[in-house]
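Order as written gives the chain letters A, B, C and D; numbering starts at 1 within each chain.
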């Protein structure tokens, strides 16, 4: 099973996403932003970082890269796509997911381990969790305030498309404590926290968190079941 | 139309006066330049000499002292590159080497805190990159003025956001640092930054522009009128112009471009396409051109009109002096130029051939057919002035040392004292700062803030890793520069050792006032001597560092502040020892001896605003043995004691995982809690007999046991962890929100 | 030299913490007559030839603004020479 | 409702990484006629009463612009009602 991880010139957590895919048992494939081929991968991760510097608006420029045109097409066709942090921003900019991510309400970059509630397990990336499971995943972003209009927020909640919610506070002022959402079909998921940084006890959240690994094993077992 | 001053013109009117004094050159220095050239320098040459012979580039006041680092350095076959290179390189395994260095960006960070700090990080990362290494982490050592001074908010917020903004955007985890507040830094904050990188041993790069006919390529950002240090001095010389747009501009960092520069350089190294490489730092092209050619003992021909400019109106001397960030200079053999430019293109980085390596030791630089520089590169890079400046012990030192803190009135309420101290600016939790930094990126951070040292895994197979800690104590160094410097070394060494790593190398950043003040120069000489002696005693070499002079407001210098960085090897990071109490029921013990040492302490400062006496005694033989014990013993946790003493170490250890403790103190409880005696570590173990056996002649004092939700000092007080946490963690957020 | 200016502002219903922070700081400077502050972006596009407002609008719509949260306005800069002053 | 607009731009000699990044991205969108992009801030100050340009200038100087690297311009918004459009 091959998980592709896109590298934009300013991607930073791409190596971590590949490591997470490997630890989950996949073959990790590096996808280059300027190459429109997806190289027959079975799923795609858009990793964290600052795609093209992201000085204007996070994800704004990345969405126009050659690889993204293929990702957008493939996602519409059902390919599992996970956007982490900057990847989430790119997915919103590309309108694969609704809403937008704005500068944190407190205006600081914040890196802290955060407790999340898994609210939707009917996605390609979260089926390995149990409904309402509480997990600890690092948050690290400067522009992670999830924002959408009330109608969209109501719709997301009504359709069970809020995948993760922040517990015990809100690290960035996201509306309704939303940390991650999915598309209608459930193959596309975006979240601000970083599951790829919670895959090894040694380097994960303080005290040995590996709660992020299930995102990567979920997609593999779903793909395996399909194959 | 400005006339360009050329070599031809300089030969025609060899005696025309030049504004050398405005550029910071002394009359005799100017005479020497004329002697070297056999004529007056051109405007561009004058700019280059003034930059290269400045304190910052030539180390003219510090050189005679820094020599000791080499002379006293223990022989080590680990050292692959040492002082004089962009950064020292030490071998950590058969195949891997590590390079690290700490550098200052103090003055720019006061003028424009965000950009000053950001470009400080960018600059040190390029030094590491230039050695052939992939940068893998950064650290920041910060000194601010009084916490409540109206200007401190501006500086703190700007600096912290600048360090974070640049480092986070580069994808380098921040694994530690220091934050100190003291009024002596009010008009002159210190912003030091450290970077560490890793390289395969055979990828080591150097800066020599070897190989006649090789091509000189400038890579990275366009060149603009950026610059504070060298260029601002230059600009103040006006050259009959003084127009608005010839004024120097603040350097603005572009971390995205730096990220591209890193990736493209690494790709070039791996493809074996680079003969020589040098980063462009404070002295820009001037430094890069002269150092690369001088290092090779060859000449160089450079064409300034080829340099991509942000502002087309720039003149040759401005191009040479520009401090624009995110640039590297490469030496490439002609047949590889195309391949190099293709890699640049792939990453979207500008790459431009601007010259070539030539026979003979002349650096010849032209601008649109005009030759503006023709000089021996070694005269710029290596033959700058060297001064043995006068030294004099500060007049007030004897009185200062006589005014001991041990005689100050002591508190009756130790509970209140502890709560006040752990909430004080220098001892409080620094989470408000460190949460603004990415600690996770690259996925190899094993330990970071608030642990004693940063610990990074280098290899996922073998679990080999490196630990780094930095320390500097301006108050101790003010009281006794020799001992103060050794105290900082001892502390950094111990902080590395508590993780279970073996300390192997040292870097430093020496922040002092004006070298022209004999009292400052004496402090500097003493501190260097202390550090060099200390390294000799510990058997670890200084591999590189940085000197920052002129840190003062008016005639008042900062406390002398040598920041010492120690690097250690960790053979198996999965066995690292963290600082926090892990679970209930473990035995708490203190390694080392507590003496009544309160002078220079946080207690004296916070409770009495007092600075006087002698700093704690340093015994490096003991530190060495202690480090061996820390590696050999089976420890659940280990946390070194430093500022704030045992009270602080206990507080940090219980709060790390919310595991309380009950301890019993022997002797004077106040001294036991707040003395800052060196050479001590707070540990927890499951088996105290095994600890005693492992400890040899290092004193072991059992203090109590872990557990509960309070910090209890028997017979004295108890503090619920919630109350302790509130006191310790609230301070900085409340001040700077 | 022809310059097009694109002003991008957060839609009024979107929280602007930066603007709010400035608004909150004003009383401390003794300013009480400002009731609200909004902070957006001003983007200057220099065209090589004739400034093309339609093109600029297209760029703004596609790239410069995210119309989920922002609105924009495109206009020709009256005169490119109006020297910006530090006063 | 009276609005004062403060435009804050980096001084021309200062590197503008933001503008540069956008300029570099434009060719990928098929835009080749834009030669340079500069990005600054547009700040809207709503005054409770009469808009006070001098006051606004003082605020800009003290708080909104960092005059070490930025310059600013203060002006009255022609009409506060000009609805900003997303087109």
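One rule holds for everything that comes next: contacts are C-beta pairs under 8 Å (C-beta built on N, C-alpha and C of every residue); 3 or more make two chains touch, one makes a residue touch a chain.
Predicted model, so just to flag it, every value in this text is computed and none were measured.
S.K.: Could you let me know which interface, B-D or A-B, is made of more C-beta pairs in contact?
M.R.: Pair with the higher count of C-beta contacts: A-B.
S.K.: Report the inter-centroid distance (CA atoms only) between chain C and chain D in whole Å.
M.R.: 5
S.K.: When the C-alpha atoms of chain B and chain D are each averaged to a single point, how far apart are the two points in Å?
M.R.: Centre-to-centre distance between chain B and chain D: 37 Å.
S.K.: What whole-Å value do you get for the distance between chain A and chain C if each is reduced to the mean of its CA atoms?
M.R.: Whole-Å distance between the two chain centres: 31.
S.K.: Among the residues of chain C, which are close enough to touch at least two other chains?
M.R.: Residues 62-64 of chain C each touch two or more of the other chains.
S.K.: Can you list the chain A residues in contact with two or more other chains?
M.R.: Counting only residues that touch two or more other chains, chain A contributes 52-53, 55-56, 61, 64, 106.
S.K.: Send over the residues of chain B in touch with two or more other chains.
M.R.: 254, 256-257, 348
S.K.: For the protein chains shown, what form does their contact graph take: line, ring, star, complete or other?
M.R.: other
S.K.: Per the contact definition, I'd like the list of chain B residues that touch chain D in the complex.
M.R.: For chain B paired with chain D, touching residues are 111-112, 115, 221, 224-226, 245, 247, 249-254, 256-257, 310-311, 324-325, 348.
S.K.: Any idea which chain D residues touch chain A in the complex?
M.R.: It comes out as residues 17-18, 21-22, 24-25, 28-29, 39.
S.K.: For the complex, which residues does chain A have touching chain C?
M.R.: 56-57, 60-61, 64, 92-93, 98-100, 102-107, 147-149, 173
S.K.: Provide the residue numbers of chain D that touch chain B in the complex, in ascending order.
M.R.: Result: residues 10-17, 20-21, 24, 66, 68-69 of chain D touch chain B.
S.K.: Enumerate the contact residues on chain C facing chain D in the complex.
M.R.: 7-9, 19, 22, 25-26, 29, 31, 33-49, 52, 55, 57, 59, 61-65, 67, 71-73, 84-87
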